[in-house]
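Listed next: structures, encoded as structure tokens.
Below, subunit A partners subunit B and then partners subunit C, in two separate complexes.
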Partner chain A sequence: MIGSILASGLAVGAVYALIGVTYNTMFSASRVISFTAGMLGMLGGVFGSLFILRLGLPVPVGFVLTMGCCALVGVITEFVAVRPVLKSLDQHLYVLSTLALSLMIQQLVATEWSTEPQRFPRLFDIGSGLLDEKFWLPIVACAVGMGALDLLYRHTLVGKAFLAIAEDNFAARALGLPERNLRIASYALAAIIGAFAGFAGGELLLAFVANGALLNFYGFVPVALGGLGSNRGAVVAGLALGIYQQAANFVVGGIFASVAVFAIFIILLLAAPQGLFGAPAVRRV
Partner chain B sequence: MSGVSDAVERVSTNDVRERLRNASASMVPLVAIFVVALAVPVFSNDYWVLIASRTAIYWLLVGALNLVVGFAGQLAIGYVAILTLGAYVTTILSAGNVSPPVPPVIALAIAGVAGSVFGVIVGLPALRLRTFYFAISTFGFATIVTQIALAWQSVTGGGIGLPGPEFPAPFDTRSGFYFLCLGCAAVCTWMTANVAHSRFGRALVAIRDAEVAAEAAGISKAKLLVMVFVFTGAAAAMAGGLFASLQTYITPDAFTFDLSILFFISILIGGRGSILGPMLGTIILTLLPEFAAPLAAWSTFLYACLLLGVVLAVPGGIAALLDFRNRKPLDQHRAIVPRADVISEVLRPSQMKESLTLSDIVLSFGGVRAVDGVDLDIRPAQIHGLIGPNGSGKTTILNIISGYYRPQSGEVTVGGETLPAGRPATRAALGIARTFQTPRIIGEASVIENVMIGGTINGCGTFAEALLMLPRGRRDEAMLRQMGLLVLRSVGLDSLADVRADRLQHSELRFVEIARALMSQPAFILLDEPAAGLAPDEIRRLGELIREIVRRGVGVLLVEHHADLIFDICHQVTVLNLGRVLAAGTPAEIRVHKEVVSAYLGG
Partner chain C sequence: MAVPRRQFIASGAAAVTAAATLSFPRPAVAQSEPIRIGWLAAMTGASSAPAIGFDRGVQYAASMINAAGGVKGRKIEVLTRDTQGDPTKAVNATQEMISQLKVHAIWGPTNSGESLAVTPIMARSNMPNIHPCVVTSLIDTKKYPNAFRTAPSLGQWDAAVRGYCLNILKTKKIAVIGDTTGFGATAANFSVDAFKKDGADVVYAANIDYNQPDMTPDMVRARDAGAQVIVVWSTSTGMDARLFNTRGAMKWDVPFVGHSSMSSGDVANLIDKREYWNKVYVIGYRSCSFDAAGKLPPRSQQFVDSIKGKVTLSDNLLWWVAGGVDAVNLVAKAVEITGSSASADIIKYWNSLNKFPGYFGDYTFSPDQHNGYPTDDVVMSEASSAKDGAFSLAPGYKA
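Showing the complex of A and B:
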């Protein structure tokens, strides 16, 4: 039992962690927390199933197309729901604009794709039982994703520019960084991370429209607990959340497991609103 | 003297009457909608009565939720959770699944009580969490409640569901039930309108748009929000009970998250801080799928488009489109002419005989000692000037006195009593009012409403009294309005009383802030650069105004860069540099103080 809790817990936890990183990437670029993060995870699964199973494309082509389509969704998010409200960030209109866009995405998928969970293709067909690829693939994806992000941020100029924007937007602009283009790129990058999570977790979570709202919530929990903007916090909290959720699943059953997750989320957040690894609150006066 | 007073009194009473008439004029469209709604069963068939019932039920919830979302600005996107709870409580109690059957009307009342308790639980995170965090926590509640309804089969019937409650005669017919729903909606509208037009409604908007100023006015966010959550929870749960009866059969599927979105979006499309707007929003969104049947499957998509459109194009919603009064151009060449003589009408002679004293205050931010062992003594009936270069710690000291910052050592006392550090909302009741370096104004509220915020703690009616418009609540309202007009007259802005505050010039906003500070009859006023951005003759009038305020026994702490104003009106001056007191004394002493001249004044 412990084996299956660990296997499935780490697997879903890895997906939650990557969705958390998606939230963080968008936040770093624009100070906007976007409701589209979970939708991108859902789209990763849906597009994957669409390209590979329904259209019969080879796996690598399907993967690239999925990433491309989702990156496009990310860029659209920036143009439609983020850029127009950046001027009045203090009014929190972004909550509404990104909520509206995510609802549109959800309804489009529900009508044009299906409201029922659809099968996701088997990608490598390696392993069975607890070592089945549906369990290890998301974990590997999370490790690969984090490694790639680390390389990007540390060893490339673009990555350093991302960090500069996240650290101090005004100073970065004063130095002549193309803030607007970098923001668009960040949204594309965030979308790819989210889609990657959904694609890698596709065999576990299936290509299911309801995953969008689900991942919005379960992907935000690690962000809130790990501290907004902290990717490391998101990964630690995401994996812990996955294991906790699966353990609760085995102990008290599916539905009360989500009650358990929600209760712990609210309690921890009320105790430490900045998250466990977060920065202290900004001055208001 | 008494002649002036009488005249002011008379004029104010007339003004008050006129404004009350305006307030009832704003009720006319609401009443008209209800009259039309009453006629629905006469002119149409059962189907439309059903639709109208549904609209009334939705409005019962949305109308109350409007206080949370529209007025207080809390992004509660998951209120379907309370609708679900109310529906199941009413149904289960009247069906007798777990207890002997209860009459449906009583079950509905019990659901209301349960809803108000649950409303507080759902709302509590709002006291600590901001915006997106709160939104996602209400979203979580919405998901959880449906899942529990699905899982708890023995009580809720699980996925199979339960037959909804049937209300007894005369509510057992289509139109009878409709009138029940409409009656509940009307009562709810009346109550929310009462709250909206009371000091509690204004305080909610203040929390939304100028939270820091709200705290300085003594508004406790936690208390206020909890009261609103109780009311909204009760209304939402009762809407749930009626909804269950309307559905005739309830399953968890009936309470989709889309419903929550409908409630939330109705308010935003209608416009924040309005009642008519969200009501029209609810009617439009509920009827939209009826008129465009092929679009029914796309209704959520449509709502989302509407939401995006409203956010991007008309952030004020329908209410802003209907706000004709604030499109009239203002007089371009208006001058602020404070009437110092009216101050004696505004302020009672202050009874405060003790000083506001700071002793050995230290506060560092990281490695920077922003305030480093400062002593200060602000006496009643005196103006104490606080000057110094930028970054010398002037505003920090103001923020320590008014409780926003907690000093690392030292204390602030009034007459030997220590003021609680780090609790800004306690200051208004202790007789300390303030203005801000950047005016903290509620742009969407009128000037008089902004000023009345300052008098929030002077009201004596409770939230319940305001809700039901009982005499004490009404008296508070009349008193605050009259006082507000008088204060505006004293600072010379009475002609702009009904104008939206965001249409005013910067200099006028400075005087609005002073007016707001005067509303609470303070013993001490802290002014943070009140002359910044003012024209020379405005500065002169400001000086006269401050002098007159001090004549009533009020102690003033004046942070300023205009040396002329400081030396002109202050009794005592303290000069700060790098967080320390460089010099203190009378203006004449300071003007010739060597270090002050070289460090700050120049010469």
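Showing the complex of A and C:
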């Protein structure tokens, strides 16, 4: 039982964590919580299955095409659902615009792909039982993704520019940084992270349109628990959420497992409203 | 004798009315107009597969009747509206069929959610209605004397599943798993109560989110509780396949019995190994089941032979196509026998049916019973045995 809780819980938790990072990446660039994050995770699985299984392309080609298509969806999100509402952030219109786009994506996938879950290909065909790749692949993907993001942010000029607009949009623009282009690039990057989560977790979650709504919600929980904007918090909270959820499935089972997740979510937020790793926003004046 | 003017006019009017009623033939237009059948079909959307299958039968039956000259010279006109599985669209389409298209009978909808929305509307207009939806409350001869069911009710499905578990598999310790949808929760609760009433020991009962990626927790709990059979009430093929894969990984040979979604072709694509689909028994129908020799019942075989090359069965279920044919035939026969397409006459005819020989089943209705499908013909099939829309009988049945 412990093995199953750890294997399955960490795997699902890693996907939640990466979706949380997707939320954070989009938020950092625009101060918008985009509810397309879960849809990007779903698209990672659907495009992966489409390119590799249905169209028969090699795995590396399918992976690159999946990332490319999702990056395009990220860019479209910025143009269609984010940019028009940036001027009135305080009215929170982005909730409507990103949710609307999210629903459009979901409907399109349901119509053009399938409403039933479809198989996702075996990527490496390594391991069985609790060591099956469907369990460890999302965990490895989470580690690789976080490592790559760390490298990008700390050791590249573009990464530092991302951090600059995340830190202070106006100051970054005043310094001559192409804020608009960087925001578009951030949305593409966020989309790639979300798609990477869906692709790596495809064998576990399948290529299924309903994953979009599921990941939208369970991917947001680590953001809220870990602190909005904190990738490290999202990863810790995401992994903890996965283990907790799987343990609840074993201990109480069924719909009560979801109740247990919501209960702990509410209790933690009451105890630490800014999230476990978040800090109240402070601005030097 | 002088006749007052007022009395003369009244007498004349009465005579004209009597003559019109007693001796004049009905207007020619009523006898030659087409028989309009409204067809509420979810042809697109998430639950479109059954309607597409039913539609093949509907169109086939209408074309065959019309090619043979129609019903006493009256052609069958099928007026289809795509409801997309949306109750709101079904309501609009029903209103249109009743008030504008002036249909004589309505076939459908084909899912319970839509049917719950439109059944009261049809009842208000006394519109003859046949549908294949399972929810028990859709048939009520007092509230909806116009509504007739030509497929099993949820109770009949459950009786078949329960009978197979208790009488054929001889299992006494039952696990019942439903998904968290309205159907899954309702069906699972119904099933648990009925098993308990029959003296079975329900050792595990749960509702699972159909999107749960790992079914190990519930399968372990069911095994530890001593379950000898797992009854599944879900329309989610993903959940079904995950249950089978988990059972395979656990090397547990417990049988699954339950909803026909477990036989869907989508399951075949999602299971890790083909043998994980063995010992899975789903709700089926005697008319659409192969016996041990691989043969369909004679009437069904005759039907399959007659539609060969005209109706595709390979990507559909035989009972859907046969059910569509039966629906049109039931309306046509009512008009043929009564000579009328009036609502009251069609309903009166259906209420008199005793083992009406359809291709899907022999339907029996009475003024007090509108569940027309014979319970004994609901059987269990081997989930992985699909061939041209029909399945092999599950082991244990007599041919």
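Methods note: the second predicted complex is superposed on the first by the 279 of 285 C-alpha atoms of A that agree within 3 Å, B and C clash if a C-alpha of one lies under 4 Å from a C-alpha of the other, contacts with A are read in each partner's own complex, and residues count from 1 in each chain.
Criterion: contacts are C-beta pairs under 8 Å (C-beta built on N, C-alpha and C of every residue); 3 or more make two chains touch, one makes a residue touch a chain.
If you're wondering where the values come from, they're calculated on a predicted model, not measured in any experiment.
Engineer: Could you classify subunit B and subunit C on subunit A, in the superposed arrangement, as clash or fit?
Structural biologist: clash
Engineer: In the overlay, answer first, second, both or neither for which of subunit B and subunit C A:S8 touches.
Structural biologist: In the superposed model, A:S8 contacts subunit C only, not subunit B.
Engineer: With the two structures laid over each other on chain A, which partner does A:L96 touch: subunit B (first), subunit C (second), both, or neither?
Structural biologist: In the superposition, A:L96 touches subunit B alone.
Engineer: So, does A:S258 touch the first partner subunit B, the second partner subunit C, both, or neither?
Structural biologist: Both: A:S258 reaches subunit B and subunit C.
Engineer: After the superposition on A, what does A:G147 contact: first (subunit B), second (subunit C), both or neither?
Structural biologist: neither
Engineer: On subunit A, which partner touches more residues: subunit B or subunit C?
Structural biologist: More residues of subunit A are touched by B.
Engineer: Which partner does A:R119 contact after superposing on A: first (subunit B), second (subunit C), both, neither?
Structural biologist: Touch partner of A:R119: subunit C, not subunit B.
Engineer: A:Q107 contacts which: subunit B (first), subunit C (second), both, neither?
Structural biologist: After superposing on A, A:Q107 lies in contact with subunit B but is clear of subunit C.
Engineer: Pick out the stretch of subunit B that clashes with subunit C after the overlay, from 135-143, 153-161, 315-323 or 405-413.
Structural biologist: The stretch that clashes with subunit C is 153-161.
Engineer: Subunit A residues touched by both subunit B and subunit C?
Structural biologist: In subunit A, residues 253-255, 258 are touched by subunit B and also by subunit C.
Engineer: Per the contact definition, I'd like the list of subunit A residues that touch subunit C in the complex.
Structural biologist: 1, 4, 8, 11-12, 110, 114-119, 129, 204-206, 208, 210-211, 214, 246, 249-250, 253-255, 258
Engineer: Spell out the part of subunit B that touches subunit A in their complex, as residue ranges.
Structural biologist: Against subunit A, the touching part of subunit B is residues 75, 77, 124-125, 128-129, 131-133, 135-137, 139-141, 143-144, 147-148, 150-151, 211-212, 257, 261, 268, 297-298, 300-301, 303-305, 307-308, 311-312, 315, 399, 404-405, 436.
Engineer: Which stretch or stretches of subunit C touch subunit A in the complex?
Structural biologist: Going by the criterion above, the answer is residues 45-46, 180, 206-214, 216-218, 220-221, 236-238, 241, 249, 264, 266, 269-270.
Engineer: Which part of subunit A faces subunit B closely enough to touch in the complex?
Structural biologist: Its residues touching subunit B are 33, 80-81, 84-85, 88, 91-93, 95-97, 99-101, 103-104, 106-108, 111, 213, 216-217, 220, 224, 253-256, 258-259, 262, 265-266, 269-270, 273, 284-285.
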